[in-house]
Amino acid sequence: MSDLYQTDLLRMAAAADGAGRLDEPRVSATLDNPLCGDRVTMDIRLDGDRVAALAHETKACVVCQAASAVIARHAGGLTAEALAAELGAVDALLKGEAAGAGHWAELDVFRPVARVKSRHACVRLPFRALEAAFKAAKAS
Amino acid sequence: MAFDVAAIRAQFPILDPAAHGRPLHYLDNGATAQMPQAVLDAVIRHETRHRANVKRSVHFLAEAATEAYDQARDAMAAYVNAAGADEIVFTSGCTAAINLVAHSFGALLKPGDEVVFSTLEHHSNIVPWHMLAKRAGVVVKAIPVTAEGRLDLAALPKVIGPRCKLVAVTHVSNVTGAETDVAALVAAARAVGAKVLLDGAQRAPHGPIDVAALGVDFYAFSGHKMFGPNGIGVLWGRGELLARMPPFLGGGEMITRVTLEETSFAEPPRRFEAGTPPIAQAVGMAAAARWIESVDQEAAHAHLQKLTARLLDGLDGMKKVRVIGPTGLQARFPVVSFAVEGAHPHDICQMLDEDGVALRGGHHCAQPLMAAFGVTGTTRASLALYNDAGDIDALLAGLDRTIRRLTA
Amino acid sequence: MAFDVAAIRAQFPILDPAAHGRPLHYLDNGATAQMPQAVLDAVIRHETRHRANVKRSVHFLAEAATEAYDQARDAMAAYVNAAGADEIVFTSGCTAAINLVAHSFGALLKPGDEVVFSTLEHHSNIVPWHMLAKRAGVVVKAIPVTAEGRLDLAALPKVIGPRCKLVAVTHVSNVTGAETDVAALVAAARAVGAKVLLDGAQRAPHGPIDVAALGVDFYAFSGHKMFGPNGIGVLWGRGELLARMPPFLGGGEMITRVTLEETSFAEPPRRFEAGTPPIAQAVGMAAAARWIESVDQEAAHAHLQKLTARLLDGLDGMKKVRVIGPTGLQARFPVVSFAVEGAHPHDICQMLDEDGVALRGGHHCAQPLMAAFGVTGTTRASLALYNDAGDIDALLAGLDRTIRRLTA
Amino acid sequence: MSDLYQTDLLRMAAAADGAGRLDEPRVSATLDNPLCGDRVTMDIRLDGDRVAALAHETKACVVCQAASAVIARHAGGLTAEALAAELGAVDALLKGEAAGAGHWAELDVFRPVARVKSRHACVRLPFRALEAAFKAAKAS
């Protein structure tokens, strides 16, 4: 399973794009991974239905950190629909299928996680936290 | 193609004629069915190759154990035709499954709300409701039975009233073998907005179940009665209903976060599976489901109908014997109870044991039904697909001798 | 005589070097311990020779199954030194056992009564009390921990007050390995008339227990952590206490009489064992207890102390590693948790899995303890008597490599 | 197990000594065998601490019927202490031990039940019901 911890993934986690908190005004969502206690908080500020600013606090493993970093890289202008499509691509990868064209190239680093079911939730947690933040924004 | 009962029997080590140094005609399958080698092998393989706790660790054994447990859930979802694996809650048995509903669904009820069961029920589907009644002021009512030991459908409108929230009834009686007319029951329940729970303990061994077609809300059954291990059962629940129910047992695996002051709970099915689940048992139960599915269902059904007819015919010819329950083959499963004038079921069973015929005598955990029939117990033969004509004939011959001895 | 760990290992099929096509250093025994051939054989023998339901039928298989189940109860009574077999309640696991107490003993409590647990507890010994608090207005309090991950005994007088009815604490921590000073706890509880429950999940694998000497009132543990099957656990309870407790689950076997309107209940332990019990699992758990008893206890203890020392020494030499819990051998069991600066437990476990080292990372179902230590999780090695120096060395070597890689 | 149903036992059950109910005044106790639903009711009238009259309703198997009949045969003048001694003898027999001297000779028919644990309760039920009746008398 060494390929799970390929250099690209470790670098992405270390880069920690978007780490931190946003100032108010912001909408936030915090999600736990109940099995390991990991926790991701996503802060966003929206411009219409698009992300204008995003920051995250990711107290988690490198796999989850890398996922948060990937999201942060692509956050500008992101919509809830586009996020859902990316999560769909992630889920395809985790099933060992092709992600389909047009998705974030960095998602590829998560391909080796497919074999390790217990870690799927680590990749998905930041996506789900951002999903929750979008929902919270809509509700408010 | 003829049903090859010898080939089936050969898969059950305990039925090996040499195993006990005496004959064995095992007709107590309603209590516990025997285990085929395929199920035993699945359990052994799991314990010797994939044993670990599930969902908690990331090493390769834990991955394998988790995968096995998830696949078991998938297999059980397929067996009952659930909308998804998340509708399958593993419990320690049918009794535990019904208690789960009594607590978790019961927590949604208010004093004065009604739960309807029937006079036909196994104690497992009565006592939890009595306890709920005491705990929460819920009112229990019972659907009466007909002289044939079936639900008295004519009474439904009277028993299932506007405050009824749940109708909890057996799918197949463990005493009479009668199959419940589920459609009529569901219609009556739906008319007042009540949910329906079926106790499938006696139905589950006889092939896949279609909860979607049945149109019910909960379905409970045990592994050990369907050729699987002890200590495992399934509660199937409609997804949106499970989602509304609070947890029952508290512990590891069913939480999202715990502090010293409070706990927040996970989604179903995890919410209802506190602590380390019965992993090897789930693997075994799934193997049992697959084993049942591997048998030609129609041929098995025909085989059991034939044996049931042979048994009913034989009993019909005996003076002093009264069948408790349907005497025909319509809408019934191969469970046959009878009373013998002047002879006690335990004495009958004990004497038949001398011939290696394993029956069950007593109230069968269905005392209200016994009361309805005016007996304290019956003698019961319950068949599984490995039974053959020799088993039935041994029963009939032994019974004849026994009656003569006990009622001389 | 030297402890022959190779001879012990040879009894565990899953540890066979050829079993997985890769090395296995199984150090996740705190989650689930592996099963020796003797236990597996006992289960197989039961399923293929004595399988039947218990207490319900009089045929020879049922007699054999009932005898096996009764003997399993006797064996567990001996294992914990109970006053009698009737004090042993078989449950589906440690979690279920604690939930039983939370419901049945909990039913005797009044709003405002207090239950005391500790910050050290596994969720299984926290969540049931949270749920009881919500259900019945009982107040929960927690004994804090020391920097070493032990109960802070100095706090006992403050936490255990006059309204305290139950002190429910772990016997051995599943995170730090710390052994509870039971005498101090019992003294504090007795001073206010409270009962004491010990969660023995992590203690039970390490040899017989003497509840009489401990002076407690309840003792709960699981089969799968003591080399036995899944889906089985034991609640030992003081006889006069069990006798006063109402039942928890309702169903067959736990009644004296059921009518449509009400139920009357049997004496303990039957009152607490609704439905078909985990029979084969009880047989397996008893076989596991006997297997443990067959090992030289002192030698096993010395062996595990030596391995624990080797592990603690190795960790002590590593920068960035902090042991969470006692760093000495005094009053501790072979469970060792540690945190690595800049590396997440799951990443550590995953990388060590490449070397076949099976650890557990995460909160270990002890989130309040994690919060007390200011971490979200730890990496844990938990040892059983089949572990050897090779296992420890593989862990230490792999950890060294992993830390360099993850914190570069 | 044919010896369990020896002729003596079947005869004793059929004789049904003491079957029926007592008229008032009487003290009664009813006990169930929860495993089979069998039920024994013992009615007694006491003279001091000794049984002056006894009747029983035994809805049960022949083993239990025989036990009720044996008790009825020896009921006259029986005390609670003497009953306890007889139950002790029964328990010894059921454990496969000797009953000891001086006990009711008819108890011997229950010796073959020792091997069949599930039926021990059938022998004991009438004894326990009578025990309960003695207790009820004392309490009233």
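When the chains are written out, they are named A, B, C and D in that same order, and each has its own residue count from 1.
One rule holds for everything that comes next: contacts are C-beta pairs under 8 Å (C-beta built on N, C-alpha and C of every residue); 3 or more make two chains touch, one makes a residue touch a chain.
Everything numeric here is computed off the predicted structure, so don't read it as measured data.
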Relative to chain B, which chain has the most distant C-alpha mean position?
A
Just curious, how far off is chain D from chain C if you go by their C-alpha centres, in Å?
45
Provide the C-alpha centroid distance between chain A and chain C, rounded to the nearest whole angstrom.
37
With chain centres taken as the means of their Cα atoms, state the distance from chain A to chain D in Å.
76
Mark out which residues of chain B touch at least two other chains, giving numbers and ranges.
56-58, 62, 255, 257, 346, 350, 353, 361-362, 367
If I count partner chains per residue in chain A, which residues reach a count of at least 2?
35, 37, 116, 119
Thinking of each chain as a vertex joined to the chains it touches, would you call that graph a line, ring, star, complete, or other?
other
Once the touch criterion is applied, which pairs of chains come out as touching?
A-B, A-C, B-C, B-D, C-D
Would you tell me which residues of chain C are touching chain A in their complex?
344-347, 350-351, 353-354, 361-363, 367, 370, 376-377, 405-406, 408
Per the contact definition, I'd like the list of chain B residues that touch chain C in the complex.
13-14, 19-20, 22, 24, 26, 28, 31-32, 34-35, 40, 43-44, 47-49, 51-53, 56-62, 92-96, 98-99, 102, 119, 122-124, 126-131, 140, 142, 222, 224, 229-232, 247, 249-255, 257-263, 274-281, 346, 349-350, 352-353, 356-362, 365, 367-368, 371
Flag every residue of chain A that touches chain C in the complex, lowest number first.
1-2, 4-5, 10, 35-39, 59-63, 116, 119, 122
Would you pull the chain C residues touching chain D in the complex into a rising list?
55-58, 62-63, 66-67, 70, 255-257, 266, 270
Parts of chain A lying in touch with chain B, wherever the complex brings them together:
32, 34-35, 37, 116-119
